[in-house]
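Both complexes shown next keep chain A, but they swap its partner, so chain B is in the first and chain C is in the second.
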Partner chain A sequence: MIRLIWAKEVRAELYTWRSALWLLLASLIFSFTSYLLLTNKELTLLDQTELLWLLGKIIVGTALLMVTIDASSILTSEFEHHTAESLFIAPIRLRDLVIGKFLASLTLWGALYVVAVPYMIVAAAGTRLAPAFLGYVALLGTLGVAAMVLLALGIAFLFRSSKNALTTTLVVLLGLTVPALFTSALKSGFVARVFERINPVDSIFAALDNVLVDYQLSPLQNGRFLLPLAGFLAAAFAFAVFAAWRFERQGIVRSGS
Partner chain B sequence: MTQRLVILWAVLLAASASCVAAASPGAPLVLGIASAQTLNGVAGDYVTVAARIENTSDQAVSDVTTYLSLVNTADKLPVDLEDWSAEKGLYVGVIESGQALPLDWKIHFVKPGHYALTVVALVAGREMPAVSPVVYFRVEPKNSLDPGHILPVALGMPVVLGLLLLLLNYRRRTRP
Partner chain C sequence: MPAAIQVDRLSKSYGPTRAVVDLSFMVEEGEFLGFLGPNGAGKTTTIRILTGILRPDGGRAEVGGLELCHREAIAREIGVVPESRGFYDWMTASEYLTFFARAYRHGKPAEPKVVDSLLEQVDLARSRYTRVGAFSRGMKQRLGLARALVNRPRILFLDEPTLGLDPQGQQDIKNLLRHLNSDGVTVFLSSHLLSEVAELCSRIVVIDRGRLVGEGTLDGLRQKAGLKTGWHVRVAGDRTALESAWPGAQITVLPGALAEAEGLFLGDRAEANRFLDDLRAHRVEVLKFTAGGQNLEEVFLALTRREESDAPLDPANDRSAAPGKGRTRQTGGSR
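Let's turn to the complex of A and B:
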């Protein structure tokens, strides 16, 4: 059943040119970034490793944004298209439905990653960092995207409305991303430093920096960044499970509404 | 009498000589360049300019400060050394008579172009500084990424994806 739900969602996401247009837009973003890195005089003065770091951040950032938007509506669209009733009357377990949709959202990240691979290989040409670059973008991106998808699904269960779920999830993503873009001077305070340690987006960017700029390639050397990410994933999973449990208890038609 | 006049003249001459030395402390300082007169590199490279300062006078020279002067020869403008060298100036202090000291400057080629660098030594109280011969920099632009490799990908990927989406759309429409 999980496979059926996954296949249905992926077909809906990638089958028509309109639904897959975001993939083309993502490749245009990567092309534009690569072009800028090549031709902008100030940027070309950066070390190649710093260019890889910048490109890695853009790839993961684009993925987080696009997949989060998709995951926010992948569940709520069932309520808004009035397909939820027939879906939940059918012999489908809620767990299978959630896992199917979760995997469908992760597949979008997979598609985006495949599009980004040629850019990463070419950008890393001349360095010995290509395998590490590809590997860590895959690992960090998967952890971050999986956590954001679970969070988006949990919020969707709570709100049951695309508009509210999308707005809330995007605000959460923005709240995590904006502080990660602050300069180190703005992160010098105690609160800022604590937030930096637990912020998953900060952890992704810092791990990429650690790998690509500081050549700390082993996962052990990046444990301090991977742990907060794993913690965020676990918290998002717990939140999604709680929201699904609450949804199941309330039923399709909320008791009292 | 003549002998006394000769002695007096000799004493006056010696006194006047000591007055000249005091008024212009330290006779000429000579600045030389030990490294190549022209240094080539790519933006981002580091080179070392090896200079040498020598006190050729017979007296010690005190309060010597050396610094760099960099000019963009194409723009005919001096360049702010902020990113070019961590050490903009170096206070040497006292240079004994006949003493020669090495002065090594680590230079970071920040921007492509043609530049001229001189090392200047300033002695407190002296009107004229000592200046080294000119060292020329030829800094080539740096391309961190190879345009020959990235441009086909940057242009090709959106085109391939666009074609793929059109093909998908065509297949979907023509499928019975």
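Let's turn to the complex of A and C:
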């Protein structure tokens, strides 16, 4: 049943050209970034590892934003297009539905990653970092995207409206991303340091820095970054499970005649 | 006869609004039940509870012998044409039904056969490769019915199944429903088309403000509402005899000494027999005397009006419930 839902969602994305648009937009962003990195006078002065770090951040950041937006409506569209009732009348478990939709969102991340691979290979040419770069972007991106998708699904269960789910999820994503872009001077306070430790987006950027700039390639050497990310994923999973449980208790359709 | 649907003191509220209040009724296996009520009476809520879409606040119900908590098991037994009919517009009709056939695990080899036969049944075979988004409302309606039949259900819940269909489409759906019912499928039909309910259903449940206000056959409901059965009457005979046997009848004088009258007699079976005896005693020839005029609309309005005022209907105020041997309503002579 999970496969059935996953296939439906993937096909829906293709038929509605939503995925194609995301991928086109992503490739434009990656192309523009690469062009700037190669031609901008100041950026060309950067060390190649720094350049890789910047590209890695842009790839993961773009994926987080696009997949989060997509995941915010993947569930709520069933309510807004009045298809939820016919779906739940069939013997489809809520668990299968959620997992199917979760995997469909991860598939979009997979496609974005495939689009990013040539850019990463070209950017890493001449260094021995290409496998680590590809591997860590895949690992960190998957953990971050999976957590954001679960969060988006949980929020969608609570609100049952694309607009509300999208706004709330984007606020959460911005709340996590903007502090990660602050300079170290802005992160000197106690609260800022604690937030930096637990912020998953900070962890992704710091792990990429640790791998690409400091050559700490082993996962064990990146444990302090992977752990908060795994913790965020676990929390997002727990939240999605709670929201789904609450949704089922409230009833699949909230209002009636 | 075992119960296909058993509802026992079912309740559901939306905040302060009580949508369903202590609702109890039973539907026998193979029955064609009409489920009526004014807008906001709680029909859709009841159907949503029985199909596992909504959880009741109180009471219990069984569908196909299964408690409501077994949503997936119930889903395998029932077919539903819900009130809110959303479709995946980007799918073709064939893809749409295949998706649901897979959800019911028909098995890949059987899927095309199931889908083709359903498309034939609802007369959409020629549009199998057309995107659902390009379908008219009536076509979508038929596709929704095909989806409800994809698992060959034992019990079929229909919420306004002919809404938006042209008369031919309505007739086709009604014929299909009759056919399914004759094959033993229990049909639970909620509709605002009272003529449709009167035509198809063997028994009717009427609810208002979430409460049961009437349950039974049309005749039974007429009695409960204090209404009398209508009899279509056409008689011919001597004009004077006709006038004394059927006072107030609108009489058409025919060539010669004969006259004819046609109209509606309202009364129960005993009153109808007495009226017939009177006619015969006056040597009036009875050309037609058939039960009819069982206007469900009258019954529906009477039952729901009674609930509105929260007081029993006063038969004296009801134009069709006059005392005595019954009232007649003339429809004029035949010529």
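Simple rule for what comes next: the second predicted complex is superposed on the first by the 249 of 257 C-alpha atoms of A that agree within 3 Å, B and C clash if a C-alpha of one lies under 4 Å from a C-alpha of the other, contacts with A are read in each partner's own complex, and residues count from 1 in each chain.
One rule holds for everything that comes next: a contact is a pair of C-beta atoms (placed from the backbone, for glycine too) under 8 Å apart; a residue touches a chain by one contact, two chains touch by 3 or more.
Not measured: the values here are computed from a predicted model.
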Chain A as common anchor, with chain B and chain C clashing or fitting: fit
Cα-centre angle that chain B and chain C span when viewed from chain A, reported as a multiple of 10 degrees: 160
Touched partner set for A:G175, first chain B, second chain C, both or neither: neither
Touched partner set for A:V115, first chain B, second chain C, both or neither: first
Partner chain(s) touched by A:A125 [first = chain B, second = chain C, both, neither]: first
First (chain B), second (chain C), both or neither touched by A:P91: second
Touched partner set for A:M1, first chain B, second chain C, both or neither: second
Partner chain in contact with A:G189 - chain B first, chain C second, else both or neither: neither
Which of chain B and chain C A:G251 touches, first, second, both or neither: second
Chain C versus chain B - closest C-alpha approach in the superposed model, Å: 7
Common interface positions of chain A, toward chain B and toward chain C: 15-16
Touching residues (chain side chain B, partner chain A) in the complex: 43-44, 110-111, 141-147, 149-151, 153-155, 157-158, 161-162, 165-166, 168-169, 172
Residues of chain C touching chain A in the complex: 12, 14, 19, 39-45, 48, 51-55, 71-73, 75-76, 78, 80, 82-90, 99-100, 102-104, 144, 147
Footprint of chain B on chain A - complex, ascending: 15-17, 20-21, 23-24, 27-28, 30-32, 34-35, 37-38, 41, 43-48, 51, 115, 118-119, 122-123, 125-126
Chain A residues touching chain C - in the complex, by the definition given at the top: 1, 4, 8, 11-12, 15-16, 78, 81-86, 88-93, 249-253, 255-257
